[in-house]
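Each of the next two complexes has chain A plus one other chain: chain B in the first, chain C in the second.
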Partner chain A sequence: MARIIVANTEYKVPSNLTIMKALEYLGWRLKRGVGCRGGFCGACSTIYRMKGDHKLYTGLACATKVEDGMIIAQIPISPANKKSYNIDSLKAQPNTILELYPEVARCISCNTCTKACPQDIQVMDYVQAALRGDIAKAAELSFDCIMCGLCATRCPAEITQFNVGILARRLYGKYIAPKYKQLEKRVKEIEQGKFEDELSKLTKASKQKLVELYAARVREEVKR
Partner chain B sequence: MTEKIAYYPGCTAKSYAKYMDSTARIVMKELGIELVELDRWNCCGTVYGLADDNLYSQLAPIRNMIRTLENGFDEVVTICSMCYNTLARANDLFKSDKEKADRLNAFMYKEPDYEGNVTVLHLLDLLVKRVKFQAVKEKVTNPLKGLKIAPYYGCTLLRPREISIDENIEHPSILSELIFALGGEPVEDPYMTECCGSYLTVKDKHLVADRTNKIVGSMQKRSADIIMVSCPLCQFNLDRRQKEVKALNPAFHKVPIVYFTQLMALAMGVDYKKLGFQDHYVDPVPILKKRGLIREKKKVAAKIAK
Partner chain C sequence: MTKDPYPDYMRESINKVEKTRDRRAKEVFDQCSPDEIDDVLSKYHPDFIKEQKTKLRFGVSKGEVVPLEVARVIETKSIINPKDIDLTKIDFDTDVLIVGGGGAGANAALWAMKSGVKPENIIIATKLRMGDANTTMAQGGIQAAVHENDSPAIHYVDVVGGGHYENDPALVKRLVSDAPFMLKWYEELGMMFDKFPDGTMDAIHGGGTSRMRMHFAKDYTGLEIMRTLRDAVFNSGVKILEFSPAAELIKDDKGQVAGAVLLNLDTQEYIIVRSKTTILTTGGFGRLHIQGFPTTNHYGATFDGCVMGYRAGVPLRLLKSVQYHPTGAAFPEQIVGLLVTEKIRGKGAQVVNKDGEQFCFPLETRDVEASLIIRECVGRDNGIITPTGQRGLWLDSPLIDIIHGEGTIEKNFSAMVKQFGRYGIDITQDPMLIYPTLHYQNGGLKINANAETPVPNLYAAGEVTGGTHGSNRLMGNSLLEVSVFGRAAGISAAKRVQKVSLGKLTLSHVEQYNALCDEYKVKNPPSPIFFPDYTQPKHKERLLTSKFLH
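Let's turn to the complex of A and B:
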């Protein structure tokens, strides 16, 4: 068993549980600060300290195991500065991000955001890339962001890093990333109804026939 | 064999001053030195933090020292005067104040400890100390003959004394020596070490226009054709604010403001179309054509054919 402190009260919980499971073990009904339970949605941001250690740790409640001496608080939402923009009327220019989020220029490279990130993203580096107008780099470095908001709650320059990151990725996706010609061609073919006959044959086929067709299908690697 | 040196471009060299960056790379390659851009770097801090009790502002420059070491170098060269000033002064503070150094290292605990063992150089430093102007002279194929060039240092290359790239702060000569090496004619002016107005340009552009009138006006009285700078902010102020100067001083006529790397590239025979002159408010091309330093090859050939 592990002793953890939640809301100033000490409890004993089985030490193989995640923080989220431990809270439920204690009878908490989680309505906020819970989501996919698999480390992908970023809803269960948690901060904690270990007894006798000055450091403030961060993690996702669904992906962090409890440890003896943990003092836990959940951050169910992170108040964020979120600009509304029409991506179609933006341009991917060096100052595009700065115009929407001028506070990016307040970054002093203290790296606190990077220390806080449960995804081990180089958060400061992508903010810095955004500052110097390198949208592609900001998009690449922020790719694994799940928008849990821990960076923004810790930032002494009050930047909302995760919204800067997603803006960079949207600009990159729309204006900078190379276009896949094959995909455009295939979408056009679908729109022109190239596959409709075959599809309607399949939807009308009996279960028996479908099983036969499935067994006899041509695999791509065989084709090659 | 090409010598390699760690290179810190700075944010402005990636946007507004991108031709300062590209021309620096071209000329240094020509001189046998490859500028290796740090694989990770952050803003230098923009302005050196003078508040003695605020170490936050020293984190950005010192972190770039750690990046330099991570890239396997113990020297880092930069082209922007502002970056040079901020990096070099923070590095000096770190070396001279053990207590502050320890506190900075403690805060950056995720990075390896920095021990103050990086040297910060400005590209002009590198040219003077390592490359030598004689070597520059030997690479000149299009000497800037007849071009009257006013060197402009501004503040950040020279002040404070500890980080000055020239021993003589009041009357520096590095840029003049470079101009001689390029075959040009230096026009030294008392205003060459005056401040351009720096970031006040954001708050009060008329104040900076007044500075521009004094500085550029004085240099044009000495019949300077062009002004040579090493700082993107000085370039911006002295170039763009000429727009506002006309209202202050009707007798004023425009003088182009160029980076030393652009003139080096021109003198080394690089096509002028690659130098970024199209980004300048005051176009340097007419005066360079007038002095015969830019020749339109096709037109000349066509004339000969006639």
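Let's turn to the complex of A and C:
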């Protein structure tokens, strides 16, 4: 069993539980601070201290095991500075991110954001990349971001890192990454009705016919 | 040295897995024949356990065979007593109401807007936060027939064969025809799919595919799609009501759907939304824990949309079939049931038994693969049993680096590396223990290829619907489904908005349904249930306020 402190009250819970399951063990029926329960949605941001330790730790309640002496509080929503933009009218220029989020220039390189990240992302490095105008690097480094907001909650320069990250990724994906030409070609072929007859026939095919077609498939070989 | 996350007896079995690894790297198992498929499904797939099914006794799909857990939330009264609701005080009056803030809902909003509806006339109501949805959790990829050697017709045959020919042909046609368009639109929105230097998107096989058409963004494909769609929705100015799930649809005196009663989860007040069109994008039923299985699903996946739609008169179809993902985590205890992406097998990992031996082709369709795994564990007793009693087999991930070179796992599966790494398991070195887990609702509300339900002004898209996947969905077709039919619903609703004239609002359909429940003497707790309840009886017995959340 582990002793945890929730809402200034100490409870004993089985020590193999995650913070989320520990709260449910205590009888909480969660509606905030809970989402996918698998580490992908960022709904269960949690801050905690360990008794006798001055440090403030961060984690996802669904993916952090309880420990003896944990003092727990949840931050289900991070109030964020989200700029509204039309991605089609932006340009992927070195100053694009700074124009929308000038506070990026306030980064003091303290690395608190990186330490706060439950995804182990080099958050400060992508903020610095954004500051340098290196959109590709900011996009790549921020890719695993689940937008839980813990970085922004801890940032002394008051940057909303996760919104900087998604802007960088969208600029990269739209303007910098090379376009998939065969995809464009295939969309045109479909628009021109190239497959229409064959598909219409399939929709009217008997089950027997479809069974035959399915059995006759040849699986594309994986090149190794 | 750090402590071994695996107990000794599991480590001994892993040693056997390691011994056979080099040999297995070249070993190829044949796919099952149609007869073998019939045999293993009928003997081992949970869908074939008759005692776990029942026929719906009343409503528009009376006689439809469904899992017991589904009947329990369908054959019951509404949490709403229509007499308590004042429909004359309208909180929001809008053109398009979208119930559900996942991939289908976001697409519906964006495409309704592109089709002429002003953003201020669109509302997305969602149970938790915008984007808290199974879309976010989908890892593996999205199918689209793009390559020269592939075509929508080949995709079509894969889908209907995998779905055991029970699919709705018109829905499949729309799914495969619009797939490349949606992928291209996603590229234009700025999503970062894995690409080669010339721009070609990387693509691999999924279970049951005959062409490599699974496109992906590392193993965060759904997250990349959802967070980008959400960013676009936030930028658009569409109104979003979070923590406000719908409790029932509202109709008018002409029998049309005319909005919904929402519940404010914080204040517990109801909210009346009158809307010319309503789109259900509420997702599926993983959190009903069919047959007690753990699930890969989001906390809010409680079948609400089907419950509301059914009471409003939309037929349900194909709910008899439930998708169990072959590879849910089986160890450690903290992550039991969570998804281990099929992409792992797509990249070459094999499923092996306690002696380190392969026993089947690793990329059968999901129903077949899950049944083969259950047979190996239960029927042949070749599995591992964890300290908490969970059965499992090994998913031999380190094989991927042997096949494709060191670093491939790190680069392609950072979500999985993190998921297991949190509990001390390094999947680049050790295999993962897996067992089938409840994953997807194959059936659902009846729609046509334009995402229209048979009830006027009501649309539905995504997992809440049934027909597209027949009785078994292929990997990569659910992210595709929310994309194609979310868009279709948005476009259809936008067209309909021009023509709608609403009459007097009513909840008489709910009254009638509640009366039917009296007639059939139902004893189930009211629905929709909104959330699963993971508290223990000792808590439930002492509750002072117990109006909902049961």
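The rule is simple: the second predicted complex is superposed on the first by the 197 of 224 C-alpha atoms of A that agree within 3 Å, B and C clash if a C-alpha of one lies under 4 Å from a C-alpha of the other, contacts with A are read in each partner's own complex, and residues count from 1 in each chain.
Keep this in mind: a residue touches a chain if its C-beta (ideal position, glycine included) is under 8 Å from a C-beta of that chain, and two chains touch if they have at least 3 such contacts.
The model shown is predicted, which means the values in this text are computed figures rather than measured ones.
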item: Chain B versus chain C as contact partner of A:K115, first or second or both or neither; value: first
item: Chain B versus chain C as contact partner of A:P156, first or second or both or neither; value: first
item: Contacts of A:E220 with chain B and chain C, given as first, second, both or neither; value: second
item: Most chain A residues touched (candidates chain B, chain C); value: C
item: Those residues of chain A which chain B touches in one complex and chain C touches in the other; value: none
item: List of chain A residues in touch with chain C within their complex; value: 16-18, 21, 24-25, 27-32, 34-41, 43, 63-65, 77, 82, 84-87, 119-120, 139, 143-147, 166, 169-175, 177-184, 186-187, 190, 195, 198-200, 202-204, 207, 210-211, 213-215, 217-220, 222, 224
item: Chain B-facing residues of chain A, complex; value: 94-95, 107-111, 114-115, 122, 124-125, 128, 131-134, 156
item: Contact set on chain C toward chain A in their complex; value: 31, 34, 128-129, 131-134, 136-137, 144-149, 151-154, 156-158, 160-161, 165, 169-170, 172-173, 176-177, 180-181, 183-184, 187-193, 195, 197-201, 204-205, 209-212, 217-218, 220, 222-224, 227-228, 231-232, 234-235, 237, 243, 265, 296, 298-299, 333-335, 338-339, 348, 403-404, 414-415, 418-419, 422-423, 531, 533-536, 538-539, 549
item: Complex contact set, residues of chain B against chain A; value: 11, 14-15, 40-43, 45, 56-57, 59-60, 63, 107-108, 110-111
